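Below: a set of structures, written as structure tokens.
Paired with subunit B in one complex and with subunit C in the other, subunit A is shared by the two complexes that follow.
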Partner chain A sequence: MNEFDVIIVGGGATGAGVARDCALRGIRALLIERDDIATGATGRNHGLLHSGARYAVNDRESAEECIKENMILRRIAAHCVEDTGGLFITLPEDSLEFQAKFIESCLAAGISAEAIDPKLAIAMEPSVNPTLIGAVKVPDGSVDPFRLTAANILDARLHGAKVLTYTKVDELIIESGRVVGVKTTNTLSGEKGEYRAAITVNACGIWGRDLAAKAGVTINMLPAKGALLVFGHRVNNVVINRCRKPADADILVPGDSITVIGTTSSKVPFDQCDNMYVTPEEVELLLREGSMLAPALNHTRILRAYAGVRPLVASDDDPSGRSVSRGIVVLDHATRDGVEGFITITGGKLMTYRLMAEWTVDLICKKLNIDAKCTTAEALLPGSSKDKSTEDCTRTAVAQSRGKASAFYRHGTNAEKIDSSTAAKRALVCECEQVSVGEVEYAVEQLGVNNLVDLRRRTRMGMGTCQGELCACRAAAVMASVGKSCSDKVKADLKGFVTERWKGMSPVAWGDTLREGELLSWLYDGVCDLSNNGKEE
Partner chain B sequence: MKQYSEHNFEQCTKCTVCTVYCPVAAVNPLYPGPKQAGPDGERLRMKSGKFFDESLNLCLNCKRCEVACPSDVRIGDIIQSARIKYSTKKPGLREFTLANTDLVGSVATLVSPVVNATLGLKPVRHIVEGVMNIDHRRIFPKYAFGTFEGWMRKQRKAQAQFAKQIAYFHGCYVNYNNPPLGQAFVKVVNALGYGVQLLENEKCCGVALISNGFIDKAKKQAKSNLASIRKATEAGLKVVATSSTCTFTLRDEYEHLLGIENGDVRENIDLACRFIYNLLCDGNHNLQFNPDAPRIRVAYHSPCHLERLGWTQYSIELLKLIPNVELVKLDSQCCGIAGTYGFKKENYQTSQAIGESLFAAIEASECDFVATDCETCKWQIEMSTTKKVLHPIELLANHLS
Partner chain C sequence: MRYDTVIIGGGLAALLCGIELARSGKKAAIVTTGHSTLHFSSGSFGLYNGAEPLKAAEALAPSHPYSKLGEGMEQLAAKATEILNVAGIATVGNAEANHYIMTPTGALRQCWLSIEGMVTSADGKSFDFSDALILSPEGFLDFYTQFIADSFKRAGVTTTQSVFSLPELTIRRNNPTEMRSVTVARALDKEENILALASIITREAKDTQTVIMPAVLGFERTDVLSRLEKITGKQILTVATLPPSVEGIKVERALCKTFERMGGVIFNGHTATHYSMEEGAVATITTSKGVTLAANEFVLASGSFIGGGLQALRSGVAEVLFGADVAAPAVVELTNRDLFESQPFMSVGIEVDEQFKVLIAGKSVENLYGCGAVLSGYNPVKEGCGAGVAMLTALKVAENIINR
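And now, the complex of A and B:
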């Protein structure tokens, strides 16, 4: 008998959501991710908790899905979500006729949308473009995709699922025309593995095309690149959208300690999906359009630029690929292609990851003849609490431990598990984001951290103003002290981390960002001798 | 250049040199240091005011972090502004007494012999500690019998004889505690050919109101002072102060912390030592010194706010001009008192620990006197060493022929 009922390939929000849903329904699941969790499109978007308003005019179905999931996430993932509220603003060059249609469409989709006086909008969000002629208030918010994915993974594991990161699927095992398992390689150790299950789920996002090809199945996907910029601090506390037909760089989202503007949208070839660079033209466009939402962006420090790839799927009956769906796509390859035991879940968006998982696991249950209801819309994710708000926890913690006060935002009530009993544990590793030694140890021990970049995704270590300048070396030392690294590995890890930080800084390396980069390189080159170390190797 | 983020906090590259130079962080582990309390904390407070923590009250506002900062971040201003904006601690009787230098001074000078004698008694100081949380080891400055303003009113006619005039911002300390310093200033400035006037209505500069949380009152006094200063400058007068902290407050804190525009008069507010040194350098002014004055060894201590103004050198050069004064320059460091900060019981230990190496250097210098431009540094050094402290202007006046 197999050890698992289901193998899920892909550790983004969708894969994590499927693993959790399976685990909660008593289905034995194995999740396999070639990198770390949330490394694809999941971690490379706005972090916008869509109200659905953006889709209301053109895509009612997506809008309805969004508002439903929005309300669910506020409940089940309270510590990953911030209720910032959102504004859709009309500028003098936009049409107020569109605003009327917009409000009507929102209301039809069940999204509360209230036109407010532009003066009230400025009072609500002082950074908003003061020339606005109209504003609509909607229930937008922000959601941290790393936390959301990590919480799903954590809950899946708590309910018996197994998670393997840094594990690549080399091939699908196909017997008598059905997918019965996967052959894998651990990318860190080189160790080979073989796992069998009745069903394999393809939750690889844009990379799902390649996995499907291993089963001889063709999925028409269109990689659409979206670039974004991160600003140094919170410029706005309310999400600002442009009230017009969706276009480039018209959403400004406050997320934790920063603000994000995005996105662009352009087709890219598949061979670029693994290594995305943000071009000067994209930076310029993002700044130009972004400053229409909040003029302060023109002179706010930009921390970094990044880009993700949307896994857009061409409709099945359209081989040209022109008819693109942004909705959820569940492909049962048994009925579609005659390949049993293989399901692809794609399309959709971060907002609807839970619903995507629900549909997928419903299909799995049907195939496995299991009668179990989905509970993910009600069961709280670990760290979320009905009784304790993050703000309250922060207020009580701030006097005892600055790091802990911030940690409540990152781990919800699980932050209670962080050791802050001694000054040594309370000491800050990352000062910009206030990550303590205790929190690093907690992340390494509980949240499946293999290296510094993983640690960043779990804790925000290195995501602040200095981009790892002071904290990366401290974090490396803490990781070494808990036995996660030896000194050679530490150097390689540090180098990888700093290189990754610089990749994001380089497209916006001017002004203070450049000064910061110079200091960073001086510290790691000049003091830690990292590049010389590279040459010797 | 336009400042894009408030107090330029975004220019911080996290080099941490500010924390290296912070006198509090060096001796009190409860204070996270200017980098974390300032630009780092500001970023988090923009996310939620809940990130304000009361350890920011440990900042003594010396601004040495700003002097050290290579990126021109107004770190001290960020911290003080955050205290103003977020602190939930309400000022009490102690803060009221320490902050209202005008009110307390005008009452105390009426009955100064009684006040001085009483505050000198150990049992009284213990009672003051019990009731007000002012440390019993702290020695209060003595109050004068009669104010400097009272003395000046009698000089009005004589001062009006001078063709050239300046306005003198004497500050509370000269008015209530040390009128002789004001008199020395008048003597020196007269010798340079200038008559001295008072401002139409001088109030306390407000530095103690700001640091003790009385922001509305501080704003009211700032507006009143600026109105008087404007009148004086419109009449063509420079406004000169002997106290480095008053000068700094009038020039910088009004705009940075209270948000009160003073750009139109700022350049006309000068420090006594700088004003006099510049006069002596212009080739048209001279002072006659007494060649028989006794030879003395003077150690100069540079106050924090004078360092922030960048004007320490004027006082040093001025002292060098006095014959028979042998000058020893002490390493620039905070004495620890920071106005009313060191009076508070919870700060006493920090305050004395900060000053410890300065006190040792002063004793080792074998000086006859210490000189400094700040009155609260004077109190601290006189309390903590065996030396008497004089203002450079007093030394100058003493050595005039």
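And now, the complex of A and C:
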């Protein structure tokens, strides 16, 4: 069946959210992603559950959207969210006058913001810069973007949506000035496909410019690179922000077993969006500013560096492209460009993915004359449950095994589907992140995992201190036995995985990270001799 | 405490240097933090990549450690082999022509020496058996038998795969992180488990005469493979697993014992942290446990970054103990973005003169020698010469000290 009501191109949080919203409203949806889910900007940010406080002073609208979505995500995606709380700190070189304005703006936007004694802030978060002169408590948290996207995809599929990853859109099918479908190629098998729908949604983030161009439509986008660093352990338990006008590297977010500092902001050419490297200057800046928030960062091991590209959209009424819209941008190309059946959803942020999806599907409903209300603000995502909190499940599971407890932390109530009945299934593949054989099998069978990098996004396998040094090989073997892959394919996958890990390690390769790199090279290029893989014949 | 020579480091280079000095009558001491990089060993020793490693090594740049060995490379290689054999490590191979060892991913990689009993091939294409049973412990995730089976298939060897378990391993597996190489190897130190495994081999192999197993046959005992061969009448061969490398640990242990048997002293768990100089020579070193050792000569065999001899800082690379001169590559970047390309940091290390004396502030220190992975000027992974440089430079340093 290649006929749908809606085709969504792009498997980030937004695309996944649109697919889920469509599915819940009974709209037949197909989601097409050229890579794996959450590979673009979705998976390349802080993982901050914004309270909206950051935007309160300068962008009231974004701030209000953030706090509303923040409260919704805590409910519908409880297993993807951690209620860490957040601090906005004022340092001696910052102005306390800004703090007053900040609190006032937060309250006006509906964000609880309470000034607390700096001493109390230090008690709340011992890693915070002790020279702080002011602190404001806000409802920030952390959110795992991979889990969030995977849960949306899972729910979309449960409600009848079809999802194709590793599928690239070659062209839009245009008939009498109307987009009526897409022609695709599966990037793994080379297989061609053709799918038709009344409406095609462009949810490609920064790559949306190229998809729009296939319909002859111009969207003026500005790729803005943001670089971040991951530290080797959880330095802070509370999100630490700088209480000043938003600037570079002023947010420090704890997540799982690590801490992330970011971000920088720089314009990059479009041809670099597919291959982001973090520069030494960016590393320098992130460390310098980051250690202002938490001085311990100066002597904490950096695991890796990564960068994403924000899809900033130039306002349509500004031909110079300088005036950028930071908010949500929904473009109905029928009214804007005279191309029917084509909608672009872009701008916005990870925090507002659900709202972006709601607006998009509202427009779809209007166009298709469907009368169906959005329920995504109430309907819980798979893994979250009203009756059982993730904490409760985790606590029960700890008694059984560490791996099972970690699985609940990652998959919420869905972890019940992970087989832990035998020693073989409970055996740990990844010791840093406590990923069991059963969890790997669950991810491969239920969560659309095609390779080791996909597996990392679903389970955190290889995201810990050793960056996948030993677990990659084990996971490859488990995956191969589930999927019956040939060993050349497994080795190519393994090589791809360690190459990807090293990409993030090499910009910060000093101290223990270089030692880890030396071991990685020794093991995979030396002991295993993977560099000659495929050259044997 | 006073010794003739104090060696800093506990890996392959330190141990070979120590053994050679001890057996020539020197009172030698080794100061080591603990586990050396032998724990990540492949069970083979590389001299240099290429069909003929000795010939290939003749054409190297003057800065390469091999270029400082002079005429005696062949003799040093023979001596290294002899020391391994003296330590009870039986090896296959010679320095004239490389042979091939099967890696954990089933690749066939060139090497100079391999530990006897491992899967090797003379030409990198064929084996002298036509069928084999691949037998691995059930639930052992660090050895993927399909890699091995596919590699044999390419070489025209038919294989069947089977798993085995032992009551002890079944209990161990209740702990989800216990099924690692060392656990299995320790279980196979026990005679009852060897006998149980032997009957499993007999039952599973049937008419097949060759059995391939992960290199986990015994931890303390070195005769497990031969015991199994004797009981079953089969040829048993092993392939290295992912770390920890049981074969590497056994080599480390055998060399330590040999060194101690010859009168050497090992300060295990000691990190050399301070040193003192007198008249341009090193007088003493002091360890993390407060032990001060005086000696006539000192050998720096502290390894590269993993070993802890070198440290990469944001500002550059430093040699950790003496702050010795570091030869950094001409390029600014320490790393290449592609993991499988040559990594510049691999060739970073300390500078030594023609006699392997360590340079500090541009001057050779009269009684301080450097050997092994702490040296600069070679890429152990890309040139396949990590073990060769470690052993040959160590023996050359020992020779220079003995002739001093």
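In this text, the second predicted complex is superposed on the first by the 530 of 537 C-alpha atoms of A that agree within 3 Å, B and C clash if a C-alpha of one lies under 4 Å from a C-alpha of the other, contacts with A are read in each partner's own complex, and residues count from 1 in each chain.
By our rule, a residue touches a chain if its C-beta (ideal position, glycine included) is under 8 Å from a C-beta of that chain, and two chains touch if they have at least 3 such contacts.
Just so it is clear, the structure is predicted and the values come from calculations on it, not from any experiment.
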Contacts of A:515 with subunit B and subunit C, given as first, second, both or neither: both
Contacts of A:143 with subunit B and subunit C, given as first, second, both or neither: neither
First, second, both or neither for A:49, with subunit B first and subunit C second: neither
Partner chain(s) touched by A:470 [first = subunit B, second = subunit C, both, neither]: both
Touched partner set for A:154, first subunit B, second subunit C, both or neither: neither
Which superposed partner A:431 touches (first subunit B, second subunit C, both, neither): both
Touched partner set for A:67, first subunit B, second subunit C, both or neither: neither
Dominant toucher of subunit A (residue count), subunit B or subunit C: C
Which of subunit B and subunit C A:528 touches, first, second, both or neither: second
Which superposed partner A:453 touches (first subunit B, second subunit C, both, neither): neither
Touching both subunit B and subunit C, residues of subunit A: 402, 423, 428, 431, 470, 515, 519
Of subunit A, residues touching subunit B in the complex: 232-234, 256-257, 296, 299-301, 391, 394-395, 398-399, 402, 405-406, 423, 428, 431-432, 434, 464-466, 469-470, 512, 515-516, 519
Complex contacts: residues of subunit C adjacent to subunit A: 37, 40-42, 103-109, 138-139, 141-142, 144, 146-147, 149-150, 154, 170, 173-174, 176-177, 179, 240, 242-243, 304-306, 311-314, 334-340, 343, 345-346, 380-382, 386
Partner subunit A, residues of subunit B touching it in the complex: 2, 4-5, 10-16, 29, 32, 35-36, 39-40, 42-44, 46-48, 50-54, 71
Complex contact set, residues of subunit A against subunit C: 277, 401-403, 423-424, 426-429, 431, 436-437, 470, 473-474, 476-478, 480-481, 486-488, 490-491, 494-495, 498-499, 502-503, 506, 509-511, 514-515, 517-533, 536-537
